[in-house]
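Listed below are the structures to be examined.
Consider the two complexes below, in which subunit A is the common component and subunit B and subunit C are the respective partners.
Moving on, here comes the complex of A and B:
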């Protein structure tokens, strides 16, 4: 090939690469900076941020909103977090339903919708996630950021050769130093994800949280699915909730698992060990996360229907059943809503004087009947003081 | 969806074949295949997906580049030739010990960089020269260099196949050091002694005359300090995790490279060496970037799911009986792309069936680089014959000579696959 021809090819290649970087760079930037409007519900008395509990995070990408719903009547405090893993949309959608709708009759409810904001600003290379997903509401379509399991490398890089968990010294996967559910109870001067957990531990301690709930979703190939994972201090509540929900509300059962004592960094283990709060973690099935999934798109994310995952189920390779109806987002959010309500109800029964009475939250059947979007408020119609951005 | 994903796979295979037919290199043919599949699936060019996919193995590529720069600085400073000469001078009367130490020399570059080509390019010629003077035929010498280079690529701490497959399976790359060490050391020592045990004791003067001279000021402290810094920085991260700042492997290799630069007895043109390093790595880094793009497009279009489904529904017995063939052949075809494509669903399947995933992946990650002698890519095999200026026939002589050690290594790995649970005590490091 002549030198001139080679130079032409090099120039064309360079132009194509620069054009690709500009186009994709704009898409990445739009995703990172996209703000989700949240209309604070009737019981929201204050909206703080994580930085109010741990100053170094103030104004940083990790500085998520902390919604405080105070009934004004003495009782207990429940802390509900969604978006620990922003690739699990049922978690932040559920938390947002609580923030926009819950009416507190007793006690206090604290909510973080986007617990790991950094992880919600990136999608996973190699997995072809959509950057956004859209939920139909009564007033239009509401757009949400899709995210990853791990904090954005732009905010936490490089990873160590091996991640050594603080304070247990247990060795974990290097990338899990960016996984909020491996960095509890956090470290004051640690990585940004460790600092996020440290900030949340401050929330738990300063607000005297009695019951902590961490919402998650899981692939059907993963054994910890459709379950409540409980620290030993919350096993009775979890067992009772599992029985009641399976018997009275859910089409598919929800189980209970005990938090392994030897596995560190997880919220259900460390919060129970390092604070007075009872710690629970809920899991719903999300076929979108399965490795054997087919086309990766918003439809699979929200409808949860996939013939490849179904075929894997026929070979006995899954830990949860799946049929043509799949696991739609309404079912997954409905399960999280009902599980949270049931757990709070049992908490109230077993902890007199520390009750947290939550009303105006849809149950499983309601969410399936009306759809998730039915419960989101129109920010354009709300007073500006009530609108907050995630 | 089965039909759609099937068509995507056909488009990828056909485009790749056409690209190869028209003499495009593997990475460009693979890129074209990915773009063709993306256009069919989306009806346009999903630029964001292509760019995002290209970053899938960004960290691995950085490790690869910085580690190779480090090894190249060791070579350019005269450190490698110094070590080889010292081994020959000290042990030339003891054939066993000479072969033993030469095996370890062959293992270092690949173990640190994860690339067999790095071994061939940095120490292959030097060690090859010594082996020929020890009475080993040129064909056997070439076979030893190739197979030890393959084993060095699979050796810990950096095994790119295991790292890429583990990353795809959300599995920590932790605990692989010991099983990889056992497999690769056994494989390389068997190769060296099976092919090189017989021969005359080398004529010291002849060998030393043939080998290049290191700078007079080179000594063990100068060549050893950068390696010591490397090891200390890695170990310090584990011993003092809460006080030691997170450096990351790329920066650790850079610090070690700077140490080598400072300790080198002769002035090194670091920009020139870095430039040559990058140029030599373009094909390998290129393929990692393109593999990321291909994987992203396959995930987007469902093709990855179809392959995963096909793999996980195979009977385990069939896999035990065929993986020793499938893995090297697929490596010859697709190079590192096989790790996320086949490795991830295989890990999933074996894990679901109750096998030890770390032992399983370690065994597979040692089988893959054996395929680097096979067409159409044959990257390390070709590098070996070019670098050693080997004039024999590639298949009938070179490949044939490799067959017995290859069978031994693949057999050993198959045993690890079958008895992964019984061998789980090896997991660690």
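Moving on, here comes the complex of A and C:
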């Protein structure tokens, strides 16, 4: 090959690489800076940010909104967080339904929709994750950022060889230093993800949170699925809720699991151990997360239908059933809504004087009937002071 | 009128579902202690439901043979089905659970404590080898079985109860569990 021809090939290659970098860079930047509008509901009395509870996070990528819904009537306080793992969309969608619709009749409800904002600014391009997903509403389509399990490496880099959890000193996988559900109860001068948990612990303590709920989704290949994971302090509430929901509301049962005492960094373990709050974690099935899945796109994310996951089920490789109907987002969000409501009702029955009465939230059957999007408000029709951005 | 007929049929169905093999039930007495073979939350559920029925029931997830000797329990309920997270939470494993439950069963027989084997969490606790193992440890020595219908989708417990001639009380929903437990203790 002549030198001149070789140079032409090199130049073309360089142009293609630079063009790819520009196109993908623009896409990454648009995703990172995309803002989701949230219309604060009728009971939202104040919207703070995580930085108000831990100053070093103020204005940073980790500074998520903290919605405070105060009934003005004495009672208990429930703290609900979605978006711990932003690749689990039923979690932030559920939290947003509560923030936009809940009417508090007693006590206080605190909500974080995007608990790990940093992790919502990155996806897994190597796994073909879509950057966004769209939910149909009564007034149009609402667009959401898809995210990842871990904080954005742009915000937390490099990872250590081994992640040593604080304060237990338990050794965990290196990348889990960016996993918000491995960094509880957080560390004041730690990584950004440890600082996020430290900030949330400050919220729990300053707001005297009684009951903490962390929403999640899981792959069907994982044994901890369709369940409530409970700290010792929350086992009775979780058991009663699982029995009631299985009997009265859900087509497929919801179980309960006990939080292992020796596995550290998880919300259901550390919040119960390091604060006065009862801590629970809810899981719904998300076929999108299964390693054996087929085409990884927005459709799979929202419809939860996959022939390869179904086939794995036929071979007995799954811990949850799946058929042609899949696990649609309406079902998953409906389960989280009903589980949160049932847990709060049982909390109220077992903790007189510390009640948190939440109304105007759809139950499982309502979300399936009407669709998730039905419960989102149109930011264009809301007064500007009521609109906040995630 | 149609509604009344439907109601009567539903009541009969409900009663029949509890007492499918209730005629063969031996006599069970209180106080009751419930534990789990595999640290699933089934024991917690049985305790909560039993207490709602005013049955004197204690839950001890790590109950030992010595506990049986030191107390005057009349009935031992062991729930079957395992939880990896539960065993992690309790700091145990399936081998240790097998040893603990085998010792418990042996001591219960020596002390003439009646044993009920219970599977109350559906097929979600019948998915792996540990679940099967916990069932196999408990069933052969049980004086009776308390089984949720959804745990018996494949007819496994029906077959086992026939094979081993163990009376079984089935129930449909969690909220029916109280009435099913009452059957064992002749509570109307």
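We take it that the second predicted complex is superposed on the first by the 389 of 390 C-alpha atoms of A that agree within 3 Å, B and C clash if a C-alpha of one lies under 4 Å from a C-alpha of the other, contacts with A are read in each partner's own complex, and residues count from 1 in each chain.
Everything that follows uses one rule, which is that a residue touches a chain if its C-beta (ideal position, glycine included) is under 8 Å from a C-beta of that chain, and two chains touch if they have at least 3 such contacts.
Keep in mind the model is a prediction, meaning the values are calculated, not measured.
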item: Which superposed partner A:132 touches (first subunit B, second subunit C, both, neither); value: neither
item: Which partner reaches more residues of subunit A (counting touched residues only), subunit B or subunit C; value: B
item: Touched partner set for A:224, first subunit B, second subunit C, both or neither; value: second
item: Which of subunit B and subunit C A:259 touches, first, second, both or neither; value: second
item: Touching partner for A:162 - first (subunit B), second (subunit C), both, neither; value: first
item: First, second, both or neither for A:247, with subunit B first and subunit C second; value: second
item: Contacts of A:239 with subunit B and subunit C, given as first, second, both or neither; value: second
item: Which superposed partner A:34 touches (first subunit B, second subunit C, both, neither); value: neither
item: Subunit A-facing residues of subunit C, complex; value: 39, 41, 44-45, 48-49, 83-86, 88-91, 121-122, 124, 127-128, 150, 173-175
item: Subunit A contact footprint on subunit B (complex, rising order); value: 1-2, 4-5, 41, 47-56, 58-59, 167-174, 234, 237-238, 241-242, 246-252, 292, 295-297, 299-302, 305-306, 308-309, 312-313, 340, 344-345, 348-349, 352
item: In the complex, subunit A residues that touch subunit B; value: 20-21, 23-24, 27-28, 123, 125-128, 131, 149, 157-162, 164, 166-167, 169, 171-177, 187, 191, 221, 291-297, 306-308, 311-312, 315, 317
item: Interfacial residue positions of subunit A with respect to subunit C in the complex; value: 223-224, 226, 229, 235-236, 238-240, 242-244, 246-247, 253, 255-263, 316, 319
